Amino acid sequence: MKLRLINPNSTDAMTQQIARSARAVAHPGSSISALTLSGTPVSIEGYHDEAVCVPPLLEAIRAGEAEGMDAHVIACFDDVGLAAAREVAGGPVLGLCQASVQVAMMISKRFSVVTSLDRSVPIIEDLVEDYGAGRACRRVRAVDLPVLAFEADAALSRARLKEEVTRARDQDKVDAVVLGCAGMSDFCRALEESLQIRVIDGVQAAVKLAEALVGGGFRTAKTGAYAYPRLKSADMAPARVSESG
Amino acid sequence: MKLRLINPNSTDAMTQQIARSARAVAHPGSSISALTLSGTPVSIEGYHDEAVCVPPLLEAIRAGEAEGMDAHVIACFDDVGLAAAREVAGGPVLGLCQASVQVAMMISKRFSVVTSLDRSVPIIEDLVEDYGAGRACRRVRAVDLPVLAFEADAALSRARLKEEVTRARDQDKVDAVVLGCAGMSDFCRALEESLQIRVIDGVQAAVKLAEALVGGGFRTAKTGAYAYPRLKSADMAPARVSESG
Amino acid sequence: MKLRLINPNSTDAMTQQIARSARAVAHPGSSISALTLSGTPVSIEGYHDEAVCVPPLLEAIRAGEAEGMDAHVIACFDDVGLAAAREVAGGPVLGLCQASVQVAMMISKRFSVVTSLDRSVPIIEDLVEDYGAGRACRRVRAVDLPVLAFEADAALSRARLKEEVTRARDQDKVDAVVLGCAGMSDFCRALEESLQIRVIDGVQAAVKLAEALVGGGFRTAKTGAYAYPRLKSADMAPARVSESG
Amino acid sequence: MKLRLINPNSTDAMTQQIARSARAVAHPGSSISALTLSGTPVSIEGYHDEAVCVPPLLEAIRAGEAEGMDAHVIACFDDVGLAAAREVAGGPVLGLCQASVQVAMMISKRFSVVTSLDRSVPIIEDLVEDYGAGRACRRVRAVDLPVLAFEADAALSRARLKEEVTRARDQDKVDAVVLGCAGMSDFCRALEESLQIRVIDGVQAAVKLAEALVGGGFRTAKTGAYAYPRLKSADMAPARVSESG
Amino acid sequence: MKLRLINPNSTDAMTQQIARSARAVAHPGSSISALTLSGTPVSIEGYHDEAVCVPPLLEAIRAGEAEGMDAHVIACFDDVGLAAAREVAGGPVLGLCQASVQVAMMISKRFSVVTSLDRSVPIIEDLVEDYGAGRACRRVRAVDLPVLAFEADAALSRARLKEEVTRARDQDKVDAVVLGCAGMSDFCRALEESLQIRVIDGVQAAVKLAEALVGGGFRTAKTGAYAYPRLKSADMAPARVSESG
Amino acid sequence: MKLRLINPNSTDAMTQQIARSARAVAHPGSSISALTLSGTPVSIEGYHDEAVCVPPLLEAIRAGEAEGMDAHVIACFDDVGLAAAREVAGGPVLGLCQASVQVAMMISKRFSVVTSLDRSVPIIEDLVEDYGAGRACRRVRAVDLPVLAFEADAALSRARLKEEVTRARDQDKVDAVVLGCAGMSDFCRALEESLQIRVIDGVQAAVKLAEALVGGGFRTAKTGAYAYPRLKSADMAPARVSESG
């Protein structure tokens, strides 16, 4: 099975962390490759950052399928371009948020999410609600550190994460915590062990669900909203104002 | 990986079908065993039938964990006793309904469920809502045949299933259909091929998700509502009326 | 009118408290009997405890109807086996949680529930949501005492209850509090008087609604999901593993 | 127990029907009186009709409490002024829609409502949703006859009602039907018998729940949104335009 | 364009404030008139107060349309009688709560409401939910001052408002705050400037949306639930008890 | 007031229609300009088509603000990139779907949407739900014609639209219909007149709400999820695979 993870931001160190996390749980028979998009923001922190990543992401997925990939993981917790990606792909495409929400709903009764910046909280709340976990998810919390802080200052971010996961456990009274940023993967096991609560890394959730879908022959439906894009001509000139009417 | 499927009803032919379906998709490295409960109804058709299966089911899961099972699948679409099973188990426990709803939400945008009897429709509607698929699931339909008809009269049930899946596709305008009864597994591939729409068998969905959870180290949370049952004494005498007050 | 309350756990002292609470509000023309199940856990604290009570509970309800009972109350706040009980019964069957939620919605605008253990909180949250009180119920709180503590240490549990009902009143700003455990009935009136807020005992709510349903001729529907269980053969041998396929 | 039913419209024949329906199920110890408001529309068919009934309704409830009434029923299916009525009353106040929705949720798993005019359908849908029965109620249907037709042409309205209740039973696959207009009470039993499905009359549901609340000591909460109206001065001159600013 | 604001309470000073707020944002081509109802409570604080305003309000709207008004604004945050007003009107009718909720959903991602008394909190929560902002609105808060305090003690109410809007900003982490009482209009700009967060005055939201609806030719639908009231006779005698049956 | 409409697809004829529709309702004091993006698909029919429009759309909005635009309308019913656009803009940004849903909720009680292709139905259903109109919107229907058919074959598309709006009126029993595609604007008035039901054109709804927001000083909140994008470096090299770990 060939599985590709795509890091929509352009920070290679995050891609390496994502790949580490993926390989730690991937089935020995799975071949994992991890791609860093380029020309995209160095981190995804809001709607704009998401939006500019999607066109190259879709290209990368088409290229991946052409190369024979069986499935793709979009390795960002905001599930950037997930629906569009499913539209262009024949094989399964997974997002970290949906995957970890699904895992959380199978192994726990109530969970919280801990993400990076406050501004990402409503984005994730909306995803969690759309994925049907509005009741199971008690709260989306933020450590209020930018995404790259997890690379740049591991000690600080480990401390803040531990603090916030502890709050989730004790104040929200949840039995699982989902790490709401791909850049937190490296901290997952240590948090789980020290705080004695299930901690879910979205990268690992997505990799395992991707393997499950491929193994079960569950390919993306191609007859409804995820049907391949309709073919039409489109010229490629840059945007310009054309006063009309 | 050792995975056990438990058929909560006492019909061994259904267990064999379930095992066939499971083995068709299980990873070669997974060891699949399938157990038929006894002393339970020959089919599960309503709340009473569900309820009387749960105590032996919980015993079977405890026994399975003692034997070294890594995960269990409750092989009935009503997800009989799922929460209680997660409480008594350390490893993951999957139900067919939750598993197929999750697969459907990853590969399609709108789906319908086709089950056996009309009386099971509200039961499944409630599960689908609880699993967060109230928006994604357009309709729960029934062929209005009892569960055992799928064993007893394959031609009739195949024809009725095909009719109802076609209605789901054309009237509900869904891009996937979930088969809402473990006894329908044998019909899954033929329906998918002849009707050109994704058809999801809950047994296969649950087997693959169980493998995913085990492979990812996602064990059941033991600190909240799924914590092991509290120990207490209980005498085992039969029920009796004791006028009080 | 003959009304039977069934305490699904095997603690007779709780049954006596339940009967006291019921008789304090029952219509003089109602004949109240209270039954303790035996062979069940001494208290119901989680999904497993619920599950193992249901088969004897269903037997007790069938026996009750054979004896001429007009209605049954399942005297546990988790509404153990309520749907299955309605399936086997011709007369009305009430659960404490649904009954008190309905009373709360008729006499107050916002309410909270105070239950025993933290682990019961998600169970009750789910019931409250299913009964349609997701908006009316602000919060499900726990005193974090086991059920039997209410029998064993009345002073402690009275103090903890008072504390938590006070928090519900002042922090949740509710105008009613539902006591979320049958073992709290004895404390109801004193709490209501000392804290100047409506406090609802589920036993009393269920008894009065049961009388109402019987008096109005509102018997359980027998044509849909609550139709009597379908008849089928079932051998009664103990559970065993049968390897299949 | 003294229970007063208030018919918010000014049609005395409807009040008589309401009183008949109420007395058919009231406890022998209950004293039932029925009041027709005057100065109000002859039937309640829309938001305007509702609104103009509320001030005299509130006066009537205050007068009723002064006369020693233990509880009030607002005998209109739109639950006209229910929240305001609970604010002015110390005793319980019931509305037909909320009462029948609650009864339906205790004795059936899925129900539909059949009301008079199409224009009332969204009004009742909103009430049903607010009362928490959005999932349990499959559909609100209308016979498309004005309210007074039930008095004026009993044969026609009986035929149309039978037709629509049959559709609810067979198309919506419900196990109970709620009659969504106080003017349909006389037809309730015959429909139930001929169509073999539970049919719920809101008047009878409300009367029995009112007796239950009074008998259980469940009085309206007076500390939150249903606290008595704040006292303030108000002159009683007619409305006039006063240009300001 | 002729736009009329109706203050449902009888306090003229509030009408003047409302008119000031309206005129500050109205289009120069709009003619704004503001009307104080008389015979109504001096402030609207609960369901009773709302209810008694509605009949004169409906009369005032009919009179307004007869005078040639293009649209009406009901200048009370509880949206008193809004549905009934739309029924009697041909032109658009706006309520402060719906209008500010809509504006908030267009310019922010999460907002809170700050109202006067605690007892109004559930009223506004229900409106916000009905208007579809259940997810966007984090919390409805109250300064716990009566409505007229905003006239009587501007310094105190300014201080309390500032305190509560600050809490909304910092604790609820919202990016907009809606002022939940028409009597708070005068404080809006200063709060916005000093607290650096969007603060929305419902009067201004409603005036601008009213202009938009009129300008776009979006008149109230007259074929469904907002169709004109059905004509029927009604005698105008005062309410009386008529024992029936 | 300067308002710019951006047609995210590259079909200039649609932009001209959009501009016609906008100018028909714009305030005389508003200056309307309409821009066609280039390099984008000729029509937006699915998630992929949406996604590839967003980066040039964001550029166009930034350019628009630099040119002094007071507000922007994204003239596509899928509200392509709406959240991202609000993030990059200081002034208000409107989408056709949100705007027409809001207008529909102010002038009608129940509405349906009629869009172009079946594949767009779930996309619009999700938007409608997110905008809080899940209860008010009865159904999203499709005429099953591609977007450009409205330009290419006006007679056919007029006929199909009339047919589907009629079904919405008669089967869904709604009092308003929203046209779910910017390419349908030219048909709006004729449908409204011939079918005697409110028909809402999203372009006109958005233009009027944009004027309202600008006129009321309601600018986009810049402190939460719509704060300006965080500044960070990003190299602009094309996407490439970089095997990591």
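Each chain carries a letter (A, B, C, D, E and F) given by its place in the written order, and its residues are counted from 1.
Note that in this section contacts are C-beta pairs under 8 Å (C-beta built on N, C-alpha and C of every residue); 3 or more make two chains touch, one makes a residue touch a chain.
Just so it is clear, the model here is predicted, and its values are computed rather than measured.
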Any chain that touches chain F and chain B: A, D
Path length in steps (a step moves to a chain that is touched) from chain A to chain E: 1
Classification of the chain D:chain E interface as same or different, half of numbers criterion: same
Most widely separated chain from chain C, with each centre as the mean of CA atoms: F
Rigid-body rotation angle, chain D and chain A, from Cα fit (steps of 5°): 180
Rounded Å distance, chain C centre to chain F centre (Cα mean): 51
Length of the line joining the C-alpha centres of chain A and chain C, rounded to whole Å: 42
Chain B-chain C separation of Cα centroids, rounded to whole Å: 28
Residues of chain A touching at least two other chains: 83, 86, 109-110, 118, 121-122, 126, 130, 135, 173, 224-225, 227
Touching pairs - complete list by chain label: A-B, A-C, A-E, A-F, B-C, B-D, B-F, C-D, C-E, D-E, D-F, E-F
Of chain C, residues touching chain E in the complex: 109-110, 135, 173
Chain F to chain A touching residues, read off their complex: 10, 12, 15-16, 18-20, 23, 33-43, 45-52, 54-56, 58-60, 63, 81, 83-84, 86-88, 118-123, 126, 130, 146, 224-225, 227, 229-230, 232-245
Contact footprint of chain C on chain D as seen in their complex: 25, 27, 83, 86, 92, 94, 98, 102-103, 105-110, 130-136, 169, 173-176, 196-198, 200, 204-205, 207-209, 211-213, 215-227
Residues of chain A that touch chain E when the two form their complex: 118, 121-122, 125-126, 129
